[in-house]
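Sharing a structure, written as structure tokens. Questions coming.
Per-chain residue numbering starts at 1, and chain names A, B, C, D, E, F, G, H, I and J are given in the order in which the chains are listed.
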């Protein structure tokens, strides 16, 4: 497996496909760039999902999140994009991505997106 | 965009209009004046909404909250006013505004208003 | 308005009567007397309500809570009494009063009463 | 009233029998003996109930919990016994007893029993 | 009873089989090996169950968790395995196992599995 | 011993007079009146001392602190007065009294007085 | 005494001038303007002093801090200015002013100034 | 070694007698009886010492603390007694015993005794 | 002033050069690359200094920390480098830089460097 | 470098040998065996040192701590052994090792050893 940033999300076969169960990831090491100013933004990414056939591989997830390091990304858009990419890779029964961005202009922003929508 | 206090709330097109998702803002830098005594009040404003077509722009939100700095505002009324203005600007699927005011007379006050009402 | 303890609760017209919204008060400065021993008891009073036509005025609430300072009051009874008086004064859509009493005999007591009962 | 440990739970008439409301007790001073080894166990007991006709008297509750000090008691059994005794004494609308035992063998145990069962 | 690691889970008769009640265990002393690298992983295991006829014996649970110390175990698989083994031993009304693994690659993983599935 | 408020501080003989050691009291149940407005003030009183010949008796300390309940007392003065009274009663090797008053006018006040001064 | 912002700090005679003791104030309601951008800054001000002949009056301190609300003030300068003004008004034995400013540009700033310098 | 309460403190040879180093014990499971009322008191015992030739054995310490379970003990006296017994058993280079007693009469008491006195 | 990453630290004249006082910065948004693997590292940088003639400008500090984003940097070396650069730019009376790196290999690293050395 | 447990501690040249500065490591993933019972013990290891010519390499430290996984180790002895090995490998100006062991017999143990002794 590569050790460079990558948009490719590796998966493995769910070891217990018959049972709906939750997997949570807390990822405090996310950074991207503000599309307007080019300055760095920082966030903590929380992922919760119920796998179907495939689970996301942990190291691959790290490399995927790293891939945003030099990309411009609006708060609302990048949260939905991470959700879309993880859903595309794993086709989960359900998934929620929460991005907690550090304070900008005295305001802290948190975006929460789920698939499927209820 | 202006850098002075303003009642005008700028918006931008929701980047994912087909998916209901939540956006949270925590704004610890709100201050207004007591309409009875003219003395400063301080609050933390929390906003949670599910956007429809438009999202509120972050810097614009900062300038909007700043616009209350020299205005008299009762706790219950100002919380509802912020909700009304944000709803008028963004026509969200749903929105909740919570204002946590610092202690007065030994009592802490928190007002929570939502649109639409359940 | 008086600055002495008073059982009278002042109210003002709800500034947004058409919208059900919540008002929370946290009051850490409540003290009364134990009816059996005459010794002081201390509590934190939490009030949450959805106003109808009238809101309770903050300074008046402070004077009302002060009025218990030299009265004997059992934990269960005084919590219900505060709820009754606030309901009588404001006729809210709903209200909950929680009283957290400091430890007595190694035990901490908390009483939670709501109107209307569900 | 006695000041020695006692299995007898004193009660008093509910001051507001027509309104269902909650009474919470947090009791960090519970200790009993392990029936297998005879060594002391320690727990925090939490009680929440909605009274019907009778409320449990606070000092009596203290003496009741004290009565376990020199008795052998399994975690699961003693939690249910405390619930049974309190239900027998007060015939509440509902009651939950939670016992949080301190760590044994590197494991912390918490037992939660309710009446009536849902 | 043995004091060596063991896959055998001892049980005892539920002292109150007629009442559904919850038993919680928090086990911060779990360690296994990464199947890919052979390096140690560490987790906190939380177990919540409603017993039917049998309860799991505490010391036996400690020895069971110890049995993973020198085994390779993927996060998702081991959590489901612990649940399966506990369900097989106790046939509970319901049970949830949560495993909180310490950070790897900057990411913290938590797996939550329940029986029966809702 | 009385169960009414009292300015008299009871003492007992220090059980280990040859060893300097510290006794700490945390007293969250202090209330007095503002001398200007007559309104209640609330504070947490912390006492640390190294006894010489006499120790302060705990119940007596409770009754002493209770004696301020209906007295007017400025923050700075009352803290020094409590220190003076405790020093007069026990003649300690050293003593510090800290009073943490709840917020007034948006400001929290804490007064710390020691005997002897360093 | 006025209820408008004022640079004048009222004082009163130290009730215990012979004993060096500490007075602490925590003031979370400080706001001023950035001299460069005109935008609001927010800080928590902590004051600790050992009074000599005069103590600072609490309400006066509130009005003094309020006086910065519409003034431009650099972080380092305003902290020293508050210290200078309080020292000029009270001539204390010693005083420390700490200003904790909320995050700007992803960085939190805290300035600590003392009189006399050690 | 016995598994019954015992005043005898077992020791073992310090494995590194040439190096002064600290050993800390936190013991939240201490209970004794009030000598005046006979009612249970509860405390957390903290022990810090620098061993000389002998170290205190952990299980023995547990049995020693258990020995107070049915003894009357004043707060100040029992803390000094524990220190004396531990010093007699281990002759340490230095030792401090801190006993944090749970709230009685609204007041929390903490006693701190050291050997040798500084 | 630039809005791109820069090794140049801007300064301004200390507004109170005659008084030694402390300035603290907490910077949670620091990231660099591991020189061995090229993968991102994250840290919180704390700076405390007593200025002499010059103070470091806040926005300039942000751009300086940003300049490490795409540079390889060992934990111990980069902390000393930040200290050296800040000392060179401001010639402070004293300065301490603390870097708290997020967990790698199950271990959290914190480096603390001061100028001058004591 | 190996990825198996190893008693060998790798070092690298201190990048700033002329300046005394501190390096802190927090290692929550330490486990060894009780020499008496063979059962697992768990600890958090904290290391603070001022390097001289050599620094300890982070991955090597991980493998070193791993080497205790299947070894019997008394609390007091293992803490001193870790200190000895780290001192032997790096010859630091000073070093402190703290081991916080999880609760055994209701008691938490923490051992703190330093080199050189003061």
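The rule we apply is simple: a contact is a pair of C-beta atoms (placed from the backbone, for glycine too) under 8 Å apart; a residue touches a chain by one contact, two chains touch by 3 or more.
Everything numeric in this text was worked out from a predicted model, so none of it was measured.
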Original post:
What chains do subunit C and subunit E have as common neighbours?
Top reply: D
Subject >> Angle of rotation relating subunit G to subunit J [CA atoms, steps of 5 degrees] >> reply: 145
**OP:** Look at both sides of the subunit F and subunit G contact and report whether the same residue positions are involved, with over half shared, or different ones.
**Re:** different
Original post:
Whole-Å distance, subunit A centre to subunit C centre, using C-alpha means?
Top reply: 46
Subject >> Gap in Å, rounded to a whole number, between the CA centres of subunit J and subunit B >> reply: 51
**OP:** Pull out every residue in subunit J that's touching 2 or more other chains.
**Re:** 28-29, 42, 102, 106
Original post:
Tell me, which pairs of chains are in touch?
Top reply: A-B, A-E, A-G, A-I, B-C, B-F, B-G, C-D, C-F, C-H, D-E, D-H, D-J, E-I, E-J, F-G, F-H, G-I, H-J, I-J
Original post:
Which part of subunit F faces subunit C closely enough to touch in the complex?
Top reply: 3-4, 28-29, 31, 37-40, 42, 66, 69, 102
Subject >> Complex interface listing, subunit B residues touching subunit C >> reply: 74-77, 79-80, 104-115, 117-118
Subject >> Of all residues in subunit B, those that touch subunit F in their complex >> reply: 42, 102-103, 106
**OP:** Provide the residue numbers of subunit G that touch subunit F in the complex, in ascending order.
**Re:** 14-16, 19-29, 51, 55, 58-59, 61-62
